């Protein structure tokens, strides 16, 4: 019972930290990461399909390194090494470096999603378009990509949900998302389990609602195909 | 109309075509037969460069679609440093050329290393004769075994996509030259739609104009694919096993349509396993074996009096 | 459509929860007695001033450690980070005539931030250790009240006061935070005895949960932290009555600077010496204890407005 009473007391006192700042920053960071990831990920996917072997090799290395190392480590590098390269970053709040890292991380994953989405489209579609005399670009834009999007969007939705959870690591630098909210409140109250329970329920609610929304979007898209 | 010269095609270490040359006349119907893996489909796909030949040239209506093949041009060979070295070493012109061809001595991937005259000659040949691949392909309609209708487009859009995209581009170019002042992009779209509906009427599928391909039967898909190619008003049609993926009861409707086209004088190259159909429509039959043309002639010559033992064996298995 | 309305229902219920929580909070912030927790602290903080002539002083700390450094969620932005080390940072900024920027991060990250030069100083309740002295410039000591001078062991309420000498702990499990002063003390004190000292925790909060769940019998903490823990645990936890004998070098806290940054180190040491001489620390620390809810203003000799009552 004390456990529930404690939770109620914490929520009554600190609801803003969890519900407004915590969820707000978690969603903001996730959106930035996935939107930026979608943009730069597309560029990476394009570069990976390019005929320039050097470009292809560089992109492959970036993607593999980013996917092969923990996000936490990347955050440390982003926060402490990026400012050495870009001096302007050192005078800015950590959330900027953290956002950049999350975008880079998500770009690597999204580029793979896009690449496999494009490769999943029957190569016959491209051949048919080329055999009619359409250029590669036109064939890509009007035939392959619209079909690839149907493979890509659901996977992108999953990536978004993954990122929502991964933003928790940004709490190492107290950027304000849900896990930071946990650190702030338990640092004062020393009620660790209670705060964790609150944050856990919120994370679950967030990802559950998001996945429901994505599922219904998916269904609608299928209805139009 | 369509010339293919000494086509080689390698997939990695696998040699699929080993020097195929043939010529397609206007109005001619050529049927290519042979066992699976003999290179028939690859040959057809090399004709419109869906597969890029490793060596050799494809000429469409007097225009070169592939990069020039130095081995096919004696003057180019003679301009190369390799040739001069060989002749300087005491070989005759004839011997040097044969040695270069047999032993694949030209460094054709790096034209500069064979000297400036050599590089300049190759460039000159392409500048004078070369044609944009897309332009060449617009003159060749291709029909695939698996139909390859665009899944994200309706039947009508499948047919009008290329005419509209390319028509608009052509109109833009014409306007730049100061031609066709009264034509608008809307005209292009309207004409493409009218023509597509006429083509659909021809195959009796007007009522399917606005459905997606996934709702069509195999035979219907293939007939739509054929008129999609026809909508570009090609000079030659390439059929890559058009009935192989169909249920038996649908083969007839597709062959009927091809038969109609051929009767109207459409130049066609057909890869097929339908021997009866081949006999009926072909002006010339090509039997491919192991990457080369093993037998070639009229249907009567090939089907009734084959000379090549491989061809005899093949026919004895498929004709009964 | 049915599914969509289900989702709508869910969103609505979340919104309702939010508004309920909102009602609850407006009531609690208005509650009497809480408003002046920060009174003494704010007085001290307001006393600092700087012109910022010498640029910016960036300080890294890990604000999940009341009363040393923690968040006051009622405040916003940089002001929300409060505690003893924040007062010290403000004092240093004043003495060095620099503008203060506090960068919050996890305890491990503070070390990385100092080492890479990302920040000028790490002030986060650091104790002196031999290893740290090798890799960082270390300032002179400052005294964070009794937080470091007294190192204690806490336990569940039922064991309160029963353990007073090291031998009493034989056969039990003692937990502590990794890489902390407590680790050194526990190893020095119990290393030779039959005591399970393998229970390392990455943060104090988790360790407290382990104590509550009886996964460990005892937890070594700084006395000030122990008071905070006991205050928020509804008195289910208490001091054992055992205090460590703390070596002089461990008793106080130090600031960490990047190796080689001796210029700043000298200025910081000069400021620290002045603070020690004038005995600023006790007042600051008492104010923070009140702020963290460990003691009341009255107990520590403040009036209701937060002024220290001097005899």
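General remarks:
When the chains are written out, they are named A, B and C in that same order, and each has its own residue count from 1.
Please note the rule applied: a contact is a pair of C-beta atoms (placed from the backbone, for glycine too) under 8 Å apart; a residue touches a chain by one contact, two chains touch by 3 or more.
Fair warning: this is a prediction, and the values are worked out from it, not measured in the lab.
Any chain touching chain B that also touches chain C appears here: A.
Of all chains shown, A has the CA centroid lying nearest to the centroid of every protein CA atom. The leading chain pair by number of C-beta pairs in contact is A-C. Taking each chain's centre as the mean of its C-alpha atoms, the one that lies farthest from the centre of chain B is C.
Computed from the mean C-alpha positions, the centre of chain B lies at a distance of 78 Å from the centre of chain C.
Between chain A and chain B the centroid-to-centroid distance comes to 46 Å (mean Cα coordinates, whole Å).
Put simply, the C-alpha centre of chain A and that of chain C have 33 angstrom between them. Within the complex formed with chain C, the chain A residues making contact are 2, 11-17, 19, 76, 79-81, 83-84, 90, 94, 171-174, 183-193, 195, 205, 209, 212-213, 216, 219. Looking at the complex, you find that chain A touches chain B at residues 122, 124-125, 127-135, 138, 142-143, 146-147, 225. Residue ranges of chain C in contact with chain A, taken from their complex: 3-4, 6-7, 10-11, 14, 18, 21-22, 24-25, 27-29, 63-66, 70-73, 80, 103-106, 108-109, 112-113, 116, 118, 204-206, 208-209, 228-229, 232-234, 292. Contact residues on chain B toward chain A in their complex (touch as defined above): 48, 50, 134-138, 140-142, 144, 146, 148-153, 161-162, 165-166, 212, 225, 228-229, 232.
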